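Both complexes below contain chain A, partnered by chain B and then by chain C.
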Partner chain A sequence: MIKPLSLELYKIFKRPRTYISFGLVTAIALVIQLAMCSGGKEFLSFGMQGITEQFAIQGNVLNGYLVAYIILQSLLIHIPLLIALVAGDSIAGEANMGTLRLVLTKPISRSRLVIIKFTASIIYSLLLIIWLAVVALFLSLFLFGKGDMINMKSDTFILLLQDDIMWRYFCAFAFASLAMTTIVSLSLLLSAFAENSIGPIMATMAIVVVLTILSNLELPLFNLIKPYLFTTHMIGWKGFFDDPVPYKAIRNSALVLSFYTLGLLLMTIIYFNKKDIKS
Partner chain B sequence: MDIVLEAKGLNKSFGNQHAVIDLDIRVEKGQVYGLLGQNGAGKSTLIRMLLGLIFPDSGDIFLMGDQFNSKKRHLLKNIGAIIERPDVYNYLDGFENLNFFATLSGHSVKKERIYEVLKMVGLLGREKDKVKTYSLGMKQRLGIAIALVHDPALLILDEPTNGLDPQGIADIRNLILQLSKEHNKTILLSSHLLHEVEQMASHMLIIHKGKKIKEGLVRAIIQPEESIVEISMLIYLKIEDVIKNTPWEKHIVEINPNKIVLKMNQTNIPYINQFLVEKGVPITGIHSENSLENYFLNLTND
Partner chain C sequence: MKTLKIFLLLTAIFICPNFALAKNADELFNELRQKILQVKDYVAEVNLKIDVAYMKVPLLKGKLYFKAPDLMKLERNGGISILPKKNINLTLSNLIPTGKVTVIDMGTTLYKAKSLRLIKVVPDDEKSSIVLTKIWIDEQNLLVIHAETTTYEEGSLIMDLEYNHFVNYSLPDKVKIFMDLKDYKLPQGLTMDYNDGNKKQENIKKTLKQKGTIEINYKNYVINKGISTNFFKG
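Coming up: the complex of A and B.
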């Protein structure tokens, strides 16, 4: 298992397209950081108008924690697309290239192959999340320094003391990693159906976008299905920035995401084991 | 004789399209077995079934005496294959590709073996170049190297000369013959070109629209009982009289003052030549039209 997995990772990281994701994450983080450097104070004073009328805010408000949170808010919806670039390509891309049939003439079971590709895609996702942590959190802390973080919500705000924040970020990144495994499973299933990688990448994004819209619409009909949509639970990482942390809701979201991940993976294995390889 | 590969009653349909119909195949140890058929005849479907890529609707496949489905992973260790096109990872170099597939082969393949195979297929010196810089012929040779690297007993080569130039075709043909003679490999190869099968295979199976048309020794199949024999001569107006009322008369297909066309066994050619010369017929040439392509076309003609 280790050797084929290392070969799969070797293939992933030998392809230039793999690094597009790392480049994009870096670029977006840098752009937001640059914008916050130049006009961050004005942006904050506008956003905190309601607060400053009633409270006297002192200290380094525009700090690395807040900038990282803003970057994560803007980026985490786009990360699934970057994950799908690799996971969606993993089976369909090989079918399109013609290498899948050659791989399957080797003594490796189809179930094992799916699990290797799933694991390799998860490792890629974890590395991307770690990279996101480096450029969004650590670089922001380096550029803007530490301070208490103000988490602004629609009707309230939460003040998190600077010594009480880092663990929240670690938990948030861990949760985001779990959410990304669901995206990996979904992309892999779609990849098993397709003969080229564009289809599964686009389909993954379409599903994520449509379900995210349904998750955010406040209509009675959608309220019924929201708890069952994985997109509703993908944003569970934000819970770590609440006070108190809603552990029960986060655990529930983690369970739903895990259920989706395993279910989609199982479906991929069953389908792929029965598929005629005609590519 | 050991049977390396045997399939019985294979059937496969894609929707309403019957790709393979009740097909049997039997390849013995050391044979170069040709699978011949026009494009779309069902060769690739058959090969994919033999390799477990496509699941037959019915029928059984045995490899080295064992049922394929029950010991698939074990049996695939003894097979090397290329299927249709030599598709490999273009962003890796030749050595990396070979190393990748060698690792997946289930055998412990040493570096020395990889270099030995690279030398065998004539790619030594180019192994560190990215495959995207290879010509089609080089990719085809790399495909054969991938099939060979774990030293399998059986090689399955689907259209191994597809898209190659004449020199490339000759190179691959020589390599296959070398693998058979010097390395004692059992080889199943498919082609839509009869002369290619004729030059490489000892046995062959002709399939058309998924069905078996003919199977046996290549020698026996391509030398059918009757050939078309054209005898050219200087204009000789009495030729009809010469042939008339002789045993040769029944073989006549067409007769002209400067040409006779007969349908007869090729072994009779020296005798009719001698007969006509003795009768003073000014023969300028004899052409036996046992064209393999014509023969193949006749067999597969609807």
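Coming up: the complex of A and C.
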């Protein structure tokens, strides 16, 4: 298991496109940090208008914790697309290059091959999340300093004390990793269907974008299906920045995401075992 | 005859001082204002508890700086501080109208099982943000125990005050403020809220509760030591 997995990881990290994701995450984080440095106060005063009309808020509001939250809010929609770049390519890319049949001539079952590719993609997505933590959280803390964190929901203003924040970030990153696992299994399934990598990457992007829109539209028709969409639960990491933390809802979201992950992985294994591999 | 003399003497001893002490409303208000205004500035350690339907704020501990007439700053060792932004803020000196006023005596009344003098104060200045202030006064100690202020634009503000250590300066150990608040709403498409299933319950809570409560516990006042106005900037 270790040798094929390390071989799979070697394949992933040998490709230059893998590093596009790390570069892109860094670039977006830096752009947001730069924007916050120059015009963060105006941005905040616009967002906090409803509160500052009635309350005077003083202190280092624009601190590293808040900037990291803004980066995560903007990036965690895009990260699935970056993960699809690798996971969507893992089976279809080999089919396209004609190496899939060669791989399957080795004494390794198809199910095992899918699990290895799944595990390798998860390791990649974990590294991406860790990198995100480094550039979004730790770099923001370095640039903007520590402080209490404000979290503005549509109908609630939350203030979190600075000693009570770091653990929330660790939990949020752990939850985000779980959410990304669902994306990996979706991408892998689509990759098993396709013969070239563009199709599954684009299809994953399309599914995530459409479902994210459905998850955020406040229309009665969509409210019925929202609880069943994985994109509704992918933002469960935000729950850790609520007070009190809605553990029950987060656990429910984690279960839905795990169900999707296992279901999609199982479908991939079943389909891949029956697939007629011609290249 | 002797009995009558004794009766008159006793009446003079027990009743007359009360007449002598019972000030008229104007005098009482002016004395009270003088007592409150003797505090030019103070620093106190405070615990601030904000109970507003749309705010989730933990107990804030810090140092509250005040400089008459209306400068106030809460410092929390590098943390964020939140204070109500009202023309009439958290201090009595701001609550009690300055300048020429009309004082109406409402007699004595019972408040929390305590006999207090009630006066109504109407500012003569038409530009004043205060329409009317009702003040419940502990006449003996010259302290405001309860006050209700109605403003032109910011609704009403009610204050309950408890004293212990700084009675001489009219500085409370505990203040509870009840205030009217506007609604707070941001577009959900912007905030992308995580739905934890408590939305409906919260909305019901919000419609029921439009008033906010702020409770401040003060200790270790340092009074009239001088604070620069620049300190309150930024």
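Here is the rule we use: the second predicted complex is superposed on the first by the 279 of 279 C-alpha atoms of A that agree within 3 Å, B and C clash if a C-alpha of one lies under 4 Å from a C-alpha of the other, contacts with A are read in each partner's own complex, and residues count from 1 in each chain.
By definition in this document, a residue touches a chain if its C-beta (ideal position, glycine included) is under 8 Å from a C-beta of that chain, and two chains touch if they have at least 3 such contacts.
Note that the coordinates shown come from a computational prediction; the quantities given were computed from them, not determined experimentally.
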Fit-or-clash call for chain B and chain C when the two complexes are aligned on chain A: fit
First (chain B), second (chain C), both or neither touched by A:G263: neither
Chain B versus chain C as contact partner of A:S109, first or second or both or neither: first
Which of chain B and chain C A:E218 touches, first, second, both or neither: second
Of chain C and chain B, partner touching more chain A residues: C
Touched partner set for A:G23, first chain B, second chain C, both or neither: neither
Touched partner set for A:F157, first chain B, second chain C, both or neither: second
Degrees between the directions from chain A toward chain B and toward chain C, using C-alpha centres, nearest 10: 180
Chain B and chain C, minimum CA distance [Å, superposed model]: 41
Chain B and chain C contact sites that coincide on chain A, given as residue numbers: none
Chain B to chain A touching residues, read off their complex: 14, 48, 51-55, 72-77, 79, 81-85, 87-92, 96, 100-101, 103-106, 146
Residue ranges of chain A in contact with chain B within the complex: 3-4, 7, 10-11, 14-16, 97-99, 101-109, 274, 276-278
Partner chain A, residues of chain C touching it in the complex: 54-58, 73-74, 76, 78-86, 181-198, 202-203, 206
Touching residues (chain side chain A, partner chain C) in the complex: 47, 50-61, 73, 146-148, 150, 152-162, 164, 216, 218, 226, 232, 235-239, 242-243, 246, 248-250
